[in-house]
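Two complexes are shown next, each including chain A; its partner changes from chain B in the first to chain C in the second.
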Partner chain A sequence: MSRGRSEGRRWLDALLGNRKSMVGLAIVGAFVLMSLVGPSLVQDASAFVATPHQPPSAAHWFGTTGQGQDVFAQTVVGARLTLAVGFTCGFLVIGIGSVIGATAGYVGGRVDEGLSLLTNVFLVLPGLPLMVVVAAWLPAGPGTLLAVLTLTGWAWNARVLRAQTLSLRGKDFVAAAQVSGDGPLRIVMAEILPNMLSLMVSSFIGATVYAIGAQVGLEFLGLGDIGAVTWGTNLYWASNDSALLTGAWWTFVPTGACIALVGFGLTLINFAIDEIANPALQSETIWRKQLSVTPPPGAATPVEVGLA
Partner chain B sequence: MNAAATPLLELRDVSTSFRVGGFFTPRLLKATQEVSFTLDRGEIVGVVGESGSGKSTIARLISRLVPTTGGAMLLDGDDVLVSEPRRASLAYRRRVQMIFQDPFGSLNPVHTVAHHIERPLLLHGKATKENARSAALELLDDVGLRPAEDFIDQHPHSLSGGQRQRVAIARALAPEPDIILADEPTSMLDVSIRMDVLRLLDDLRHKRGLAILFITHDLAAAKHLADRIVVMYAGRMMEEAPADQLVKEPAHPYSQLLMAAVPRRGGSLHDPLPADPGTPPLVDPRPGCPFAARCRQTVAACTTTTPPVIQLGPGHRVACHLHTARTQ
Partner chain C sequence: MGGTARYLLGRLGFYLLAAWVALSLNFLIPRMMPGDPATVMFARFQGQLSPEAMDALRETFGLSDASWWSQYWTYLRHALVGDFGTSVAYFPEPVTGVLLRGLFWTVVLAGSAVVVAFAAGTLLGTLAAWRRGGWLDSVLPPVLALLGAFPYFWLAMLALFVLGFGMGLFPLRHAYSDQLTPGLSPEFLASVFRHTLLPALTLVAVSLGGWMLAMRNTMIGVLGSDFIEYAHARGLAPRRVMLAYAARNAILPNVTGFGMALGFVLGGALLTEIIFSYPVQGYLLIQSVRAQDYPLMQGLFLTISLAVLAANWFVDCATVALDPRTRR
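So, the complex of A and B:
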């Protein structure tokens, strides 16, 4: 559909025209690229390659771990599973959240009461202890982490999207679609969801940041698969091998910096989406651009720039 | 009853109520009670009343956006509340369309004008994917958005209120309906463009033979446009009469109040009104006439029994004890 393309185009233009989102996209894009092609370019991350706890050198850029592995290789390889679990969890959380939230908000009545109760129960469950208990109980691995993070993360999004659906449901354009003869599914998908798109995208990014943080935390506690190479297990092994006691800062600083950078990049994109979705912030940006350019003499007053 | 005498749409004692109040203090808000009137092809019926009189609820009842709690609604003599009780069929949707009060809320901000008009065209089989755009352009031209090419790819936010309302009218016309429910279509518009929209509705009635239910709080607009006027108060029908007659000789004290409230030449804003101030009693109404608390011509029966609707003259009906007494 041409309309869908132009809508996507508008978003792309807005994201590329915003300095914050450009920096954010560059950072996140670089890490995604690294996680995709990096592991095949570096040496085996689990192999014993040199004396343990060697500081950074020409042979081993980021030094070696307490197990004699190459820290650079571990940092690059660790990105793949960490980002994969993080982004997948973001998708699942927002998927479950929007299905449950939109259904509860649109259908209302008993269905809403049931789904809201379920959401509230998951909201009041203490997330961290539940994560620890469930992660310890299930067999360790990325699948378990994904399940645990999704289970403890979806409720907040469901609640936010329910509230948003509820407010959109009362709008006259929904009544107008009903009068036109549209069914409930079509109304939710074509009339209500597109109005929540910016909220969903920013929720997705928020959920991804949360998932990466929580996943690294669980793995640091030893609740992940400690045989796998991820950013979380890198930190686990650094701590296990007494990196702080021996002063081997290079075993945890690169991984820590990567996690912080990905979080920073995603947050920058989120800021930009806020600006794009909030017309007030957007028009301010447009005016700032307008004011920085002196109009040529005799030019018409700019009434509508870049909006239509 | 023969086919010629069957009205296009007939409401018989239609009532609806909403549950309000808390869990422990449930109360019933009676939005409409026993409303009856008819609407014929090519006819404009005005529904007039103040806020809370139930006039918008009437439009939402007929468009099946809110459920009825009693009565019958006959489209071509067929009671749709019996034949399609849970939700309206697509065939009913095609025949009965609605224009909403707020043109800023009734168009989806994320969709273009084209989407709003092509959707009902496709849904009701009035166009194919190939010719939907040209059909939409034609409709935009019909409602006075010219040149249509300039409007069709706009988003609602770049249109003015009057232009949006015209888009909403084009959307309502798309399925080629028999009835249009116009819920205060001009009240959110600038005074300068109200007349244009009213004229457009009048043209459509003449060109397409549409039946229009024109809901408004503006008695002057109703008089201009409507053939007959129904006056509502607190969810009940107070009076129904041909537009001219209602304006010239309103029979019900509430209709008289409405007429007195219209500013006129030579009058003063400080002229006293022929009734006491008050609001319509909707929640747990007391027995009797709902207007009794504000009326200055009450008789004993007004606070005990609900006045029946009686025929005063041809097409002139009123629900008031003053007239009940006179005709008996």
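So, the complex of A and C:
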């Protein structure tokens, strides 16, 4: 248990000392805060407040939609459901992925063959059309989005975590636990999972980015609850009210920029985790020096011919 | 050689299994939903459909009092000969006919975008790893990561708005000019190119970063190997070491990822097609969602799945050619 904690501590320190992860954490933190307190600070996002399709002004910072709603309020309020579904889906995906991946990797044999086959089948089936087929049958809403996003998203994490479990299974500390009589469940929970925490965190972040993007795409198609205010439905209505043809860029730019910023922030955190876990990837000055060992073009002697 | 054939046959078997899973999901999903699918569907179409269309729907789903097994059997037999039933939105045209009209354009758009992104991204990743810490390595990854964070279709909206609507640089909709008749004439091909350029570029822009980063990270690992040192020591030209030794070995994970990326981009392409009113699968998809045309939706899912599975098998063949280890 103590190993898990000190490991977590080391990671936290490394993350806080890394510029990329600090920028990423700041961006994501700001949006999470906005989604929590924002909706109670702005006006009713669904109310008709002014003439439709007004460009940004002092009264309506981001202008109004084709339905005469305030775009700023919609952008702020939309964050809540979108981020909630995104992060929840990230948790579900990583939960299912680690159970299936760790089981397949640790138990091996027939179980591994069966689970890997299932994983690979889900990996190879195209996600979006599958989501559409399933979502169309279910009642529109956050629950449906969660279900289809999890159904199509778990396989990638299961594959990554299985590979990592396989490599940890042969390690000495696992052998030590086996010799001291620990059961498979205890070994997976206490020895294997804590040791791939960084991988699980980065998989969780990756899954969340995927969930936000796919969710917005589905809602844009009209498969979400079009009565709710989310980032996806904002874009659905922008397109439905012909934002492109009327030149109302302000109805889709703020929402899209927010989605991209959240995704970018999460990706930055993942870059940082990658660098901390795998120092070889850091592009720092020390490494640059090593590269200068490479001979300059043209300086090479054709030794090959001489050798033959 | 026998090993290679066995390997490729094994992969083919896997894809056939995946295709069967796709078909079965298609069959099971409507039946697993709460309530009787027929009732659900007919309730939604209350008063909108002619009795003939209703019968066609019922027949499409094989919804009858027969047991699930015999329904399943009928369904599989129909699917095998490409009979996905009758479209609701385009009644009474069969789904297969509607789908085939669009498939070609989707493949043109998504296919060219994936190939360009793969080639450009892999090359950029190679260069970034080779000149580690250079400007390519420090500037491009964050920029591409930011681009990759945008939803495909949103970036397409913005590009269309700024470059097409605002500046008039690109045509606003469709795959070719309305005044031309499809054919192999130079004007027509030029028109297709002009119409495909912007949608394809937006797809490339969002997927480039993934290829580049994957290539860069694998290549950095390969560059640390002894055989690279040895190649340098032998005095081989740096360019040759970079391309024939390092990149040749680092490219395999990217090739393996190609098939999966195709499925991913095909999904993104569907949404992009909607923005550009590109005539086809994407348009059909939104049609089918709006009209709740389940036969068409399922047909789309199946044809796209099969296209992706076939592409994956070709990628496997390419991997065998590139990686001697799989040939044992």
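The definition used in the following text is that the second predicted complex is superposed on the first by the 271 of 308 C-alpha atoms of A that agree within 3 Å, B and C clash if a C-alpha of one lies under 4 Å from a C-alpha of the other, contacts with A are read in each partner's own complex, and residues count from 1 in each chain.
To be clear about the criterion, a residue touches a chain if its C-beta (ideal position, glycine included) is under 8 Å from a C-beta of that chain, and two chains touch if they have at least 3 such contacts.
The model shown is predicted, which means the values in this text are computed figures rather than measured ones.
When the two structures are aligned on the shared chain, A:G101 is found in touch with neither chain B nor chain C. Contacts of A:G90 after superposition: neither chain B nor chain C is touched.
Contacts of A:G24 after superposition on the shared chain: neither chain B nor chain C is touched. Chain A is touched at more residues by one of its partners, and among chain B and chain C that partner is C.
Once the two complexes are overlaid on the shared chain, A:P194 sits against chain B while remaining clear of chain C. With both structures placed on the common chain, the touch criterion links A:V216 to chain C but leaves chain B unconnected.
In the superposition on chain A, contact of A:L117 is made with chain C only, not with chain B.
When both complexes are overlaid on chain A, the residue A:V133 reaches chain C alone and has no touch with chain B. Across the two superposed structures, the residue set of chain A contacted by chain B and also by chain C is 304, 307. Residues 60, 63, 65, 90, 93-94, 96-98, 100-102, 105-112, 114-115, 119-120, 123-124, 154-155, 157-158, 168, 171, 175 of chain B touch chain A in their complex.
By the touch rule above, chain A contacts chain C in their complex via residues 117, 120-121, 123-130, 132-134, 136-138, 209, 213, 216-217, 220-223, 235, 239, 243-245, 247, 249, 252-253, 256, 259-264, 267-268, 271, 274, 280-281, 283-285, 287-288, 291, 294-297, 300-304, 307. Within the complex formed with chain A, the residues of chain C that make contact are 14-15, 17-18, 21-22, 25-26, 29-30, 33, 37, 40, 131-133, 137-138, 141-142, 145-146, 148-155, 157-158, 160-161, 165, 217, 220-221, 224, 232, 234-239, 259-260, 263-264, 266-268, 270-271, 274-275, 285-286, 289-290, 292, 294, 297-298, 300-301, 304-305, 308-309, 312.
Listing the residues of chain A that touch chain B in their complex gives 3, 7, 171-173, 175-182, 191, 194-195, 197, 304, 307-308.
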